[in-house]
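Chain IDs A, B, C, D, E, F, G, H, I, J, K and L follow the sequence of writing; residue 1 opens each chain.
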Amino acid sequence: MRILVLHGPNLNLLGKREPEIYGKTTLDEINSELIRRALNLGLEIQCFQSNHEGSLIDEIHNRIGWTDGIIINPGGLTHTSVALRDAIAGSGVPAIEAHLSNIHAREEFRKKSVIAGVCVGQIAGFGANSYYLALDALDRILDPQGRSTTI
Amino acid sequence: MRILVLHGPNLNLLGKREPEIYGKTTLDEINSELIRRALNLGLEIQCFQSNHEGSLIDEIHNRIGWTDGIIINPGGLTHTSVALRDAIAGSGVPAIEAHLSNIHAREEFRKKSVIAGVCVGQIAGFGANSYYLALDALDRILDPQGRSTTI
Amino acid sequence: MRILVLHGPNLNLLGKREPEIYGKTTLDEINSELIRRALNLGLEIQCFQSNHEGSLIDEIHNRIGWTDGIIINPGGLTHTSVALRDAIAGSGVPAIEAHLSNIHAREEFRKKSVIAGVCVGQIAGFGANSYYLALDALDRILDPQGRSTTI
Amino acid sequence: MRILVLHGPNLNLLGKREPEIYGKTTLDEINSELIRRALNLGLEIQCFQSNHEGSLIDEIHNRIGWTDGIIINPGGLTHTSVALRDAIAGSGVPAIEAHLSNIHAREEFRKKSVIAGVCVGQIAGFGANSYYLALDALDRILDPQGRSTTI
Amino acid sequence: MRILVLHGPNLNLLGKREPEIYGKTTLDEINSELIRRALNLGLEIQCFQSNHEGSLIDEIHNRIGWTDGIIINPGGLTHTSVALRDAIAGSGVPAIEAHLSNIHAREEFRKKSVIAGVCVGQIAGFGANSYYLALDALDRILDPQGRSTTI
Amino acid sequence: MRILVLHGPNLNLLGKREPEIYGKTTLDEINSELIRRALNLGLEIQCFQSNHEGSLIDEIHNRIGWTDGIIINPGGLTHTSVALRDAIAGSGVPAIEAHLSNIHAREEFRKKSVIAGVCVGQIAGFGANSYYLALDALDRILDPQGRSTTI
Amino acid sequence: MRILVLHGPNLNLLGKREPEIYGKTTLDEINSELIRRALNLGLEIQCFQSNHEGSLIDEIHNRIGWTDGIIINPGGLTHTSVALRDAIAGSGVPAIEAHLSNIHAREEFRKKSVIAGVCVGQIAGFGANSYYLALDALDRILDPQGRSTTI
Amino acid sequence: MRILVLHGPNLNLLGKREPEIYGKTTLDEINSELIRRALNLGLEIQCFQSNHEGSLIDEIHNRIGWTDGIIINPGGLTHTSVALRDAIAGSGVPAIEAHLSNIHAREEFRKKSVIAGVCVGQIAGFGANSYYLALDALDRILDPQGRSTTI
Amino acid sequence: MRILVLHGPNLNLLGKREPEIYGKTTLDEINSELIRRALNLGLEIQCFQSNHEGSLIDEIHNRIGWTDGIIINPGGLTHTSVALRDAIAGSGVPAIEAHLSNIHAREEFRKKSVIAGVCVGQIAGFGANSYYLALDALDRILDPQGRSTTI
Amino acid sequence: MRILVLHGPNLNLLGKREPEIYGKTTLDEINSELIRRALNLGLEIQCFQSNHEGSLIDEIHNRIGWTDGIIINPGGLTHTSVALRDAIAGSGVPAIEAHLSNIHAREEFRKKSVIAGVCVGQIAGFGANSYYLALDALDRILDPQGRSTTI
Amino acid sequence: MRILVLHGPNLNLLGKREPEIYGKTTLDEINSELIRRALNLGLEIQCFQSNHEGSLIDEIHNRIGWTDGIIINPGGLTHTSVALRDAIAGSGVPAIEAHLSNIHAREEFRKKSVIAGVCVGQIAGFGANSYYLALDALDRILDPQGRSTTI
Amino acid sequence: MRILVLHGPNLNLLGKREPEIYGKTTLDEINSELIRRALNLGLEIQCFQSNHEGSLIDEIHNRIGWTDGIIINPGGLTHTSVALRDAIAGSGVPAIEAHLSNIHAREEFRKKSVIAGVCVGQIAGFGANSYYLALDALDRILDPQGRSTTI
């Protein structure tokens, strides 16, 4: 089983700017932790960050056939990108939307996600743990026996 | 550390009605699994279900001082209950909103949560696993060293 | 065939307060008339009133397996209770929403029903007769030959 | 007592098109049943169908003085025709809005009726029975002793 | 100079129904008064009433080339008929919208006119006088020297 | 019978600025014509212009007891001044809202009048003639026999 | 004269939680002060708190005939409970809505009250004093000579 | 294969009024060109214009069984007629909405079509060519091999 | 301690016009009663009425340094005046908004206050008593020991 | 005459994913067919696809001077990209918006196009044929004699 | 070249109240600096502040013929005053809207300007410098060679 | 002090297309003038244009640590790009939004800026001068003594 992790615009700054808000953990550290955990779960994982909506879509397209599931933090594109939504819907694999912050407790325009409607679910508000929880969730969904037992 | 799990209206029917939609897992089975997992994590846990908004609020009040964190699936109250929101805010402990289904992919009126704004985060769309993921998330938040390391 | 009749908040005051608006018929008289008519139609009937949203939901849950159809006047909960909507949808039997007054000719906030979307139909504006008409309608729906002939 | 039954646009197709949705009963059969039932109730009845908003208004005008009550299924005009609303209001007799389908469970634009505000009540969702229930309701309203006893 | 006066749906009932609201003046009396006043102003006039949107549009089309100006009380079509708006715009002559009642002091849905945007102006609230004032206004507009002097 | 004519903000510029839009007629000329016409109708008239909302309200208050009717062109205050609306409502005499331009064919924010709801009627789009038509309309309303005969 | 004081959801926590926001005064202390002041005014008073919408409605119903006026702080139900609104309207006695905080200066969803439309008035923003001011106001309203003199 | 072409209100004026906007081509010329092109495609065609919503619906009803596809320019009814929408949906044949002008670049109220939701597609902005393109499109749809090859 | 009482547009008419609505008490009488009560409370008071938004703002500015608190009934400016809001916010002293009528039970546009967001609280619906209650409330707020004891 | 065909995000997947929805035709096949048809019409054509909004804008800029017309299917950018709209408007050549599916019959957020307002017209719902119809339409528009004869 | 600088409501308090927000610079100091800079630019300048909408309009009217351009900070009137908008539009000279604070980053109701639509441009967020930048901008616009060279 | 100037989509066309609207000045000329002026002010400056949202974000990220302030004209991204907003907010330096045209006087969808909320201020409507004014403003903000003296 192979998983594609996508980080949208500005997430490359993680841990480098405004640590009082976003913590000190860098995106590299999150990716390393994701890889370590995936290894434990017997999953192959690829992480990709871009500030370009088009590059995120390209990556999804390129990984069709390779990936069995997607974890995506679309960043600021969450609220606007119909194109990204269509790409995820077209990928044919289950996707999970993850957010570091609780978008439902922020500005009004951050509460609505254009992406979530084509995902299996959404996890928001747990910092880097949102990614790790999403990995656990995806592991269960992809486990051929997972859904039938506890979900 | 002690955790209060709250199930809102109609969740008592889980696993008994419409299994093709909500699966065959009953609320009792979910509660048992939560207790088992809590035990493993060294957490004490209490589960409570009610179809009464007021009883859910009463339970939150009664558990003030006892509970260190809340996991709540407010069911249909998610979208309307300001009173429940105020109770959670007044509890003074971190709360996580969990949903079996991905509310962001359902009817328009289910997309907005009145509760999420006073929670640490929201997990939606993973069936019973939404609860288990919430438990893991809460464990990390309550762990005195948890937030500073990986979140 | 068994029918559950549910009266929501404030309907217990019927016939006792503001007779110039709601008439002099009490809820007991309506219930008696419903029972008398049900008897004639060969239907068993149970009537239940509560000012508690949760009690109405509890009653629906308790009557699952017993009831073959529901007549409900949700009163003020008509416009707000997603939880009651979910309970009716989860009951698995046909439900009819009945209102004494014509809610479509009253204040703007009374025109929209959160409940009607999961009911077979809605009858509004005929005073106590709204209940009796609903009984006739439900009788037809439950009659194994009813729907195929005239509806 | 004389009753005017008005069928709006496209109702002439009833029973001829899309029987899986609207059933096999034709408008003629509904009209015949209405006449038969009216006879039993001692009521005179006239049925009229038109796809023309203006013809429906003309018919209402022509029947002023003749009719003691109106049953109207305005079809697609339900949601738009202020002119039809004014005609009903101007008729000076009680009117009941009837719908075959439960408009409150359909597209958003079908949920709001421009007509219902000037009617005594609305019955929706019971197929041809919506008309028959409306007839019963109107019979009660027109019965000089009806309103004072059970409604 | 020739003027077309158009009366929309339900205006044929004027003076016959609800005199306490609309007064006792009939549409025939208004038309007679309009003809008498037009004669005094040296204007030819034709009055036309229909409950059919299409007939009103037909009449406008038929009078193209004949009429130099239009006075229209669109009745309930005021708030909905884009087709009537287009017909007036296509007539190529100045039009005045007249209303017996002050639509700006009635129900919310009566305050907005779809028609007024293609008219020279609107007169509302003066009963039958709204028509006579509209005639005076149109006379001034059509007077080759009128606009340049006092308007 | 005495009439108060009120001109709101910027109307003092009439005829002096942008003659291609508003014509060459000055406010003084309109006032003179209004006085001349009032004389013919046997009416006493007072004209008042101010760019101050408060002064317009003061003038209405000062004229209570003196005036039998009001003609008001509120200018830009039309769309915002609840205070002016309350002053007119409190004056206890019939008021007519007049506009030089057809506000219903201009910017969206000019289409709605806060004032019109407390006036007898509204006349818009006829340049200076809007005032003269309003005078005629008011004369009819104030004529003890006027309303009963032709309006 | 007898007065019913109703405290809605979460008000039982008053003075026990978040003293920096809500102050240190407990609900018991407020009730005691209300009783003391009522005594001085020659009024009988009963205080009731519940987190259950239904119990608040039950209490209103039970006190019909006993109570001459109601003071209610509906807490989070202020913004949603049509059922509570209907109960107050049905009580037939004057009611005053009281809020500790100035709801008009808080979140957007707290600014609108579903309840206030059936109350005599609303007092918000003065902490426990909102109750005491409401008591004074109600005393004046109930005083047979009160309204005619200074209100 | 037989095609029904429907022209809504005001389209009879085409080429006769405002040639600078709508061009000099008359509706008769468009119909002739449509017939000529249909002949080339081996299609039978009938063209029908009416300013009456009801007549357009009547025509659709009358052509059920005869027509294999519909091309409709609903004119001003595009934005308001639910009845016409229902008639097209009830016809059971593919329909194409055609507009001379680009409705998406005009007034706000012209951008939304009530009709398009039940059509195969919409073509807008190409003058008379919108009809000819619609004919080509319909030919492809009706061609038993058309859809499977290139569409 | 010194208090500024501000009365907005049209309040000078109080007691002189529409006594059946607003009662017979004049503004002078209210001011006298306020002065009398202030005296009892050991407060100095100044009352000011104007129909001019600007004059109310000027008065607030002039009283900066003199006044310790403001009671304001902004009349029709309540719903529109951002400038008045800014003046109150800039005064640096606590302000209370008072209304004779219950604005929350009137027209939709009267329910929202632009002013309340910068006030300590709002009192509405108690006639002249709204002012007296506001005086009591302000007295408590200004009392150096008041807030810490009972509010 | 030279034409630029632009395909927006995700259209590269055409015919490769979800053939039951989008058919089996690939984007290459559509481009080949467009080139073949353009050749027949004596037109030069260039096709360009990108998932990057910026690349589509770059391509429009690069083709200024070269292209005489644009056919664009903006995919998910249709509903959001003001930048793309500005690029098309700035190109100075006629553009046609084409969609495979009937966007007016899909989710609410797909019904509104940000792009269509600066295009000559829009064609939606005919699968690959939408492109071919757009080519025919553009051919007519670019034909120096085209617009004057039949459009 | 002569410039009129207008300061709206509450700006007279500048530098005197809330220095932590608005700085210590007084309006007199800003006016002095504006005069000094105007002198350097060879411009004549007049500064005027009022809390009265009407006085600001009066000043604009009085300066017609004298002024060649306007700089206006409408304060709280920015968001509501159609009358001020009309006065600026009627002045016939270019106007610039200046704000001390960045209104686009404040409360929702401050983001929209009724005034900006009739101005050349808007400068917001730079404290007193907003005025000086506006002066520079206006100087360029008024410079007969300015616009053609660098703007 | 170093300044980053960012030009969004389509601004590369400046001076090359539609000179009657946007003038003849090219982006290169604006950049040259900005560099020349920066030199005079003792500022280092870098200009960057892209039609790619992602590239603009990349550039902001790359310049973190280098730049002390940002001037940005986001072009069509102004109204939609949350990602760009987040990038600016994350840069940690003051930013100014500049627009050639007065966006507040254009189409409704251009009036709202997603970007402005995280900028120091906005300057719109002065053509190329908007950039130069922004440079002056930024110079003042960055001047260690600037803000404390005149802003």
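Keep this in mind: a residue touches a chain if its C-beta (ideal position, glycine included) is under 8 Å from a C-beta of that chain, and two chains touch if they have at least 3 such contacts.
What you see is a predicted model, and the numbers here were worked out from it, not measured in a lab.
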Query raised in the report: Starting at chain C, how many touch steps does it take at minimum to reach chain E?
Result: 2
**Report entry** Shared interface partners, meaning chains that touch chain F and chain G
**Finding:** I
Report summary line: For the copies chain C and chain D, the interface residues, called same if over half of the numbers are used by both and different if under half, are same
**Report entry** Centre-of-Cα separation between chain F and chain C, whole angstrom
**Finding:** 54
Query - Chain centre separation (chain C, chain K; CA means) in Å - result: 63
Query raised in the report: With chain centres defined as C-alpha means, what is the inter-centre distance between chain D and chain F in Å?
Result: 46
Report task. Please list all residues of chain K that touch 2 or more other chains. Result -> 52-55, 80
Requested in this report: Could you please write down every pair of chains that are in touch?
Outcome: A-B, A-J, A-L, B-C, B-G, C-D, C-G, D-E, D-H, E-F, E-H, F-I, F-K, G-I, H-J, I-K, J-L, K-L
Query - Residues on chain E engaged by chain H in the complex (per definition of touch) - result: 52-55, 57-58, 61, 64, 80-87, 90, 92, 114
Report summary line: Seen from chain G, its contact residues with chain B in the complex are 8-10, 12-13, 17-18, 50-55, 75-80, 109-110
Query - Residues of chain D defined as touching chain C within the complex - result: 23, 25, 33, 96, 102, 104-105, 111-113, 116-130, 132-133, 136-137, 140-141, 147, 150-151
